[in-house]
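Sending over a structure as structure tokens; questions will come in a sec.
Chains here go by letter, A, B, C, D, E, F and G, matching the order in which they are written, and residues are numbered from 1 within each.
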Amino acid sequence: MVKVQRIVLDVLKLHSPNGLEFSTQLAEKCPGCWFNFKVMEVDEKTETVIIVVESEDIPYEDVANAITAMSGTIHSIDEVEVISFDDVESVSAATDV
Amino acid sequence: MVKVQRIVLDVLKLHSPNGLEFSTQLAEKCPGCWFNFKVMEVDEKTETVIIVVESEDIPYEDVANAITAMSGTIHSIDEVEVISFDDVESVSAATDV
Amino acid sequence: MVKVQRIVLDVLKLHSPNGLEFSTQLAEKCPGCWFNFKVMEVDEKTETVIIVVESEDIPYEDVANAITAMSGTIHSIDEVEVISFDDVESVSAATDV
Amino acid sequence: MVKVQRIVLDVLKLHSPNGLEFSTQLAEKCPGCWFNFKVMEVDEKTETVIIVVESEDIPYEDVANAITAMSGTIHSIDEVEVISFDDVESVSAATDV
Amino acid sequence: MVKVQRIVLDVLKLHSPNGLEFSTQLAEKCPGCWFNFKVMEVDEKTETVIIVVESEDIPYEDVANAITAMSGTIHSIDEVEVISFDDVESVSAATDV
Amino acid sequence: MVKVQRIVLDVLKLHSPNGLEFSTQLAEKCPGCWFNFKVMEVDEKTETVIIVVESEDIPYEDVANAITAMSGTIHSIDEVEVISFDDVESVSAATDV
Amino acid sequence: MVKVQRIVLDVLKLHSPNGLEFSTQLAEKCPGCWFNFKVMEVDEKTETVIIVVESEDIPYEDVANAITAMSGTIHSIDEVEVISFDDVESVSAATDV
């Protein structure tokens, strides 16, 4: 049972929606996730941002769709952290949670 | 249920009110918030400051209005941290608080 | 209820009183405060020092007056940390202390 | 009784599968492992990534086979951490787990 | 009630007594103090050292006299940390100790 | 009673056995040891690696023999940590373990 | 009551005895001490090493004699840490140990 716990994305977005709205809308689509949004470079019409997502198991499709829906482009997946539970462990871990 | 826990703002302000008054007035408008105010560059009439706000859920409009009311200009939102609670979790978390 | 918890000051002072006397007299005027005094640059008649003050709620006027009384000049307030308690919280916090 | 607890690999891979799919498939083949996948350099058709694997005892063959099965090439094993248990200790450690 | 908790001194001393004897004799004059003595620069007849003193309340006169008695010269007081207790707190703190 | 707790070795080895096999075989010869093996430089036929060994008391001869048996050459012992127990302490420490 | 808790020595030694033997023999002469031995520079016949000694109270003469007995030369004492106990405290501290 594989869970994706952390993803770092390099994203190009328009100035609008701004970083706060962008992050908030992203979070609304991904219950249980924590987001850090950092502006790296600002150009005339766009800005390059690094978005870190952490969760018990990240719903990547939801993250990616939400970014696209706000006219953002995922340039690259810079980092991924996954954990693979043994089957027995994962069952007990699941009931714990 | 999305909560904004940290915002980093790049702000241009006049020398007056000074940093202490500026921070204090900002804090008065945002109960439950912690502010770090740091001067980055001083020019003849203005200064560039980085303001970090942390709270359980930051009332950004109040922060932005308070800055504007003191003749400050938000140049950019440099960083945002948001957390999205699962609905069940957020209810119990809310009653805890 | 707003409390100022940390202030960093850039101060120009004469060589006398020396750093130890300067810090001690400063502290005598501000019960409940912790001070770090660091010499950054020494010139012929003056020295530039960075003074960090931390307290549960810094009495800035007392700090500033004490510096002025020792012929020191506050060049700038480089950093400020303030916390704004919710009213309910601040009452219980006050009775705790 | 020797256990391999950490391996750092320098890997060349094609752009597809992307980092998330690559990491997830890798993890599926190695129950009980934690993976960090980081992109170091991107070229026209390939990318160089650093993969860190941690586990109680890493099944290296499974890791290597999974990488090869996704058309990845292990350029080098950059770092290895192994622990060698005394026989008595390892028995009790084994029953603990 | 003001207590000096840390002082950093820039000191010029002769090669003799050496750093170990210098530090030990300094400590003998200041019960309750901790000293860190670090050589920064060695010249033909002298050496520049940084001496850090920490204590619950540093007896600076004793430190300074002990340095002078060993032909050392205090070039500057580079850093000072003082704490100013509220009167009530300081009484209870005193009885605790 | 002297115990060697950490040794850092600069080793030249052939490409085969690879780092994983090299570390594992090394560990098999030294029960109770932890090894970190890091590749520093790769040449045509050889590679320079830094090997850190930690244990309650490192059997250096076993480590050195194992390295030599795999055609490795110890260029230098870069770092050593040893602890010397008082006799009384070491006896009780020994019975504890 | 003054205790020397840490000394950092800059030492010139011959290649033989090697770092492991050098450290071990040094430790045998100083029960209760911990040593870190690090090679800084290697020349044709000699090497410069930094030796850190830590103990509850370092017997410096024993350390210095052991270094000399192995043809080492102490270039300088780079750092010293001493603590001076109040008489009352030191008595109770002594009985604790």
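By definition in this document, a residue touches a chain if its C-beta (ideal position, glycine included) is under 8 Å from a C-beta of that chain, and two chains touch if they have at least 3 such contacts.
Keep in mind the model is a prediction, meaning the values are calculated, not measured.
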> Both subunit C and subunit G are touched by which chains?
Replying inline: E
> For subunit E and subunit F, what's the span in angstrom between their mean Cα positions?
Replying inline: 42
> Using CA atom averages as chain centres, what separation in Å is found between subunit D and subunit E?
Replying inline: 52
> CA centre of subunit D versus CA centre of subunit F: separation in Å?
Replying inline: 23
> What positions in subunit G touch 2 or more of the other chains?
Replying inline: none
> Could you give me the chain order round the ring, subunit C to subunit E and onward?
Replying inline: C, E, G, F, D, A, B
> For subunit B, which residues count as touching subunit C in their complex?
Replying inline: 18-20, 22-24, 26-28, 30-39, 42
> subunit E touches which residues of subunit G in the complex?
Replying inline: 2, 4, 7, 60, 76-87, 89
